[in-house]
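You will see two complexes here that share chain A, one where it goes with chain B and one where it goes with chain C.
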Partner chain A sequence: MRKMINSNATEVALIGVLLLIGIFLSLSTDRFLTLGNVFDLLNTSAVNIIFAVGLLVVLIAGGIDISFAVAASVVQYITALALGAIGGGNWAIGLIIAGSVGILFGAFNAFFIHYFRIISIVVTIATFNIYFGMLMFLTGGVSIYDLPDWLVTPVILFEHQAANGSWSEITLPSLIMVGCVLATWLLITRTTTGRQIIAFGDNPEGARRFGINIAAMQFIAFGWLGLMSGIAGLVQAHYVQEVVPNALYGRELDVLAAVVLGGARLGGGRGTVLGCVLGVLLISVTQNGLNLLGVSPYAFKMIIGAIILAAITLSNTGLERLLPVFANKGEAK
Partner chain B sequence: MKKLLAAAFAASLTIASASPSFAADSGKVGVVVKIGGIPWFNAMNAGIDEQAEKLGVDATMIGPTSADPALQVRAIEDLIAQGVKVIGVVPNDAKVLEPVLQKAKDNNIIVLTHESPSQKGATWDFELASAQGFGEAHGKLLAEKMGGKGEYAVFVGSLTGPLHNAWADAAIEYITENYPDMKVVGDRYGVAEDVDKSRSTALDLMSAHPDLKGFMAFGSQGPIGAGRAIQERRMIGNVFVVGPSSPGQSRRLIKSGALAGGFMWNPKQAGEVFVTLADKLMKGEKIEDGETIEGLGVVHPDFENRNIIVDQLVAINKSTVDKLAAMGL
Partner chain C sequence: MSADASLNVSGPAPVLSLRNISKTFGGVKALDKVDFEVLPGEVHCLAGENGSGKSTLIKIITGVYQPEPGAEIIYDGRTYTQMSPVIAQAEGIQVIWQDLALFPEMTVAENIAFQSVLGRRPRLVSYSKMRKIALEALSRLGVEMDVDKPLRDFPIAQRQIVAIARALTGEAKLVFMDEPTASLTQSETDYLLDIVRMLSDAGVAVVFVSHRLAEVLEISHRLTVLRDGKLEGVYPTTDLTQSRITELMTGKSFDNVVRATPKPDVKPVIELRNLSRAGEFSDISFTVGQGETVGITGLLGAGRTELAETLFGMRKPSSGEIVLDGASVKFSNNREAIDAGVAYLSEDRLSLGLLQPQSIADNLVIASLDGIRDGVFLSERRKNEVVSEWCRDLGVKIGLPEDAISTLSGGNQQKVAIAKWLATNPKLLILDAPTVGVDVGARKGIFDIVAKLAESGLAIILISDEVPEVYFNADRVLHMVNGRAAGWFSPNECTLQEIEAAVYA
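Let's turn to the complex of A and B:
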């Protein structure tokens, strides 16, 4: 038991903090634990979770990427224009176009990182500017409101009318999110490729000597993030029913913070899908709780920052130092 | 240190005195807006371009990549260094821009601002809607839609943006005075420039306050996000969203009733006024009380606070939205 807690310190700490916040919110507001609110949390976190599991794979492989959110904006544009050109399409075609274009953007990053041995943060700062600059330049900042009907029609998977007449629903983004989370989990924990990515992220030189194909690792990691960004971009365009060039600008830092909060190590080699999902959820639940509690919006950022700090402190310190009961009595003073 | 300052001052003087010869007779005009790439400022850009061509002025618009006051400061510094004659600004944060606008003025640059009344450092600020008139119009619309009673919430673009908050103040005051059965819930929420945040906050607030009947959103994306939330909760006809929005973007929502309506002024017209005023002031003309200026109508400037405020409101509702959207707004 103790061993399990210690080896998954981050996840345990996050679940603990989430439970504490959850219990507190259920006691102090009568709205937190309603179906409607839980569904809202799922629906509104879906896009960030899809981004987050993609970024997780890159972080595990020892890289970092800040270009994925604006790349997703470019994907939105290309997909919207391509769908317009072929005259409609459907969800399958949309996802294939968005995913493939996303993979291309990821591969572009991986190409420079691998063949020219440039640090990933430098490459992605450059591509971040290239993608966003290209988007603003080519579109002139014009949004697209005329999207195909299938894309802007909400797809309701489950709906429920509460006693007071209010509707709550689970929509397509949540299903796509679950698919992406499962696929990433399978990739990391159940495939040889996943283990190779972890080994490569932990010790690139060791992995190379061991015979792991380094180029493949980079392309798979960044390609995976590209795929997820493409899908996330399409999903975001779906629920806001429009394509706006800077709608996703700045999202990369929110997602990065959530993934690192979820225990992914910036140096590579460590990170779990569960932790990453919990990281995103912790931030969404906090924001949601503050609204439900009626806390003044002037205090929001302060409280969110404090909770991130508390969760990270808890997971980094580990239970032994915070709760000396668990520690060896002989060493404790 | 003193020497360094003196050198810097001398350098800035040379730049300032060198610029007119460099920019020939007419002089350059640079307009820094809140954020590039959103329909509102695209329309303003169109207004600036058209009027610039008409009057033969060299005017350009600069749109930062995010609504960050620091990016605006940098853009204004760049314009000062380029030696422009007029700087126009639609500020993200009035206070943050004060020093850099003062610096521009010290370099003999004419500073025009918009959507920031009584901006310190401005030569003139112009408004196409008075905060009072605009806020009251929205307050009245929301009260009519809600039948004069019930709870409502207020979104603004940012908690420090001067104009959104002045509208909200005027609207809330109007409602409190005339409709005592209406009650505002919570403080105001600074989410209205972000469609995702507006949507999730509106969903949260509807959960927190089951009797909530209305949203008043001031900020380009606020009414859109709140409208989407109403659609999601199937509350069209029960919860009303009012607020200024970009007609092309809000057309579908207004037609479906998820967005009850709002008022706006024409950003394209604001762009034109930037250039018209810049041209007038560059020629050394003064602005007189009671005179008629293209795009503003008859003006009664407030010489003490350097404000030119007129009321040129355009209603956005089911019957006008198509026409406005067709104008590219």
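Let's turn to the complex of A and C:
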């Protein structure tokens, strides 16, 4: 048991904190622990979780990407226009278009990172500006409200009416999210490709000497994030029933913080899908709780920033160094 | 030249035979028409100073580099004009790289069974198969390890074992070990050498590259010496001594002589009175006088480095007293120790002692910036004066002072590290494992400097786990065991073997 806790310390800690917050909120508000609120949380977190598992793969491969959220906005536009051009389409066609365009954006980043040996943060800062600038310039900041009917109609997978007559529902975004989470989990834990990505992120020179195809690793990692952000873009458009050019602007840092909170290491090699999902959930639950407690929305960002800082300090330092009582005899070197 | 060329005629066919291997990098001949041969099941040592072409040769055999035309590689009865990493691995040539090339975030099982994760086509990973491969490889080595734990949880010696186990997962016929003992303690090294013998008994040929000549003599059957990219010769190790190998590698002869001289009435520089630090060392008392060199040896974990760091103000003693120049001192950090005249050359030169990407000049003056100040700002002119002065005094061979320190050989880097501390004008110089990663030829240069410094009146504490280094270069030798002073030796009055017997007992 102790061994399991040690090797999954981040996940265990996150579950613990989530439970604490959950218990506190259930006792202090009467809305938190209702089916409706839990389903709401799931539906609203879906887009961020899809982004997060995509970003996780890039972080594991030792890269970083801050362009994926605005890339998703571009994907929304292109997909909406393409669907209009072919006269409507359906969910399958929409996902294929959004996913493929997303992969192209990811591959564009990977191309510069691999062939010109530019570090990923620099490349993606540049593409972040290119994508967003291009989008605002070409659209003139105009939103699209005229989306196909199938895209703006909520798809209810499960519903339940409470005694007081209010409905709670699980909608399509949650299902797509679960699919993306499972697919990412399969990729990084169950396929040789995924393990090679981890090895590459962990020790690039070692991976090279063992004949791992480095170019393939970069393209797969960034392509996977592209795929996920394309899907997330479509799901977000579906959820809000419109395409707004700056709707996802700034989302990249929220997602990045959540993934790092979930134990992924900037620098590569470390990170789990479970931790990543828990990281996003912890932030959503906190936000939801602050909402229910009637805290001013202006305070949200501040509180969430403080939580991230505290969590990352703890996971980097370990309790025994913050609380010298538990410290080993002698000093660490 | 080749001492045993005639012996091979009737012997078994070599598993690997290289003819006429040349390789040029940017006009410099790294290898010049080198021949190299390994017999099945043989432990063969490849010796040579840094830059003699050992690594280039290994990289050609494993397909990382391609040789120049005219080369011939005969491996396992087949002739190749060149190798590729894929062919080499598939045909049972394995390398344990000096930096191990392991994946710390992955489990032990994955690290060992890595080749099975390497399928050219993507496929599903079988963790049970990887565990099986890993456990099998470890049991061949007679080792038990928790294969499900990430590698980062294990110390370097265990990681070395993992690297070896990985090399054994394929049908290895020929294993290269590049400096496998560089970061191991004596008992870990002994264990590794046992493994090498076991491989050899099982018919696997092992090519061993090591700076530690004692090991070379202990383990190898034959020795190929490279010097400046050329084959110097092939010798059976039975007829060789350490000093003979050094001679072959460097082309110069070194006679080790005991440098210890009695120094009866020297003025004490530092005095330790019952110095202890809980859990690390206890009750250590000795005096080092002006011009005296005191050697400290003992196995890893004996508390040598901890003691040195305490004298240098990086750790605080829990009891006892340090008297420096007649006054009791209590350092609260190493800045105070430096100011009081204590200099400490760290055992880990690569990561702690020198700032690798920075220039030679900047590294040299980093601990003595006050000395090159001109008013508020640092003076570039004074810096250059200081640098050229030290490089001349210590015989450091450098290109430009602006070159990165990483462009220097290990020996010259170490001299810069010593110069860095001498520039602080110390009274006491503590040298912790000063020859790690330094060529045999350059080692002598370092000890020459140490002797000269002692002559000029510096008090020196020389810490090393290689007993000959303290035996030949110190006036008195302290043997530490588990943090205690186990005994004192005078090199003038005892033999090297007596100290070694005590240390490795």
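By our rule, the second predicted complex is superposed on the first by the 307 of 333 C-alpha atoms of A that agree within 3 Å, B and C clash if a C-alpha of one lies under 4 Å from a C-alpha of the other, contacts with A are read in each partner's own complex, and residues count from 1 in each chain.
Keep in mind that, in the parts below, a residue touches a chain if its C-beta (ideal position, glycine included) is under 8 Å from a C-beta of that chain, and two chains touch if they have at least 3 such contacts.
Just so you know, these numbers come straight off a predicted model, no measurement behind them.
By the touch criterion defined above, A:Thr192 reaches chain C but does not reach chain B.
After overlaying the two complexes on the shared chain, residue contacts for A:Gly211 are found with chain C alone; chain B is out of touch. Look at A:Gly267: by the touch rule set out above, it reaches neither chain B nor chain C.
The wider contact with chain A, measured as residues touched, comes from B rather than the other of chain B and chain C. When the two complexes are overlaid on their common chain A, residue A:Pro154 makes contact with chain B while staying clear of chain C. Contacts of A:Asp40 after superposition on the shared chain: chain B is touched, whereas chain C is not. Once the two complexes are laid over each other on the shared chain, residue contacts for A:Asn291 go to chain B alone; chain C is not touched.
Judged by the touch definition given at the top, the superposed model places A:Ala247 against chain B, while chain C stays out of reach. Contact with neither chain B nor chain C is seen for A:Gly179 once the two complexes are overlaid on the shared chain. Judged by the document's definition of touching, no chain A residue lies at the interface with chain B and also at the interface with chain C.
Chain C makes touch with chain A in their complex at residues 64, 85-86, 89, 97, 99-106, 110, 114-115, 117-119, 122-125, 148-150, 278-280, 315. Residues 35-39, 41-42, 63, 65-66, 159, 185-191, 195-196, 199-201, 203-208, 210, 224, 228, 231-235, 248-249, 251-252 of chain B are the ones that touch chain A when the two sit in their complex. Put simply, chain A touches chain B in their complex at residues 29, 31, 34, 36-37, 40, 43-44, 47, 132, 136, 139-143, 145, 154, 164, 166-169, 171, 236, 239-242, 244-247, 249-250, 284, 287-288, 291-294, 296-298. Across the complex, chain C is touched by residues 3, 7, 189-196, 198-199, 201-203, 205-207, 209-212, 269-270, 329-331 of chain A.
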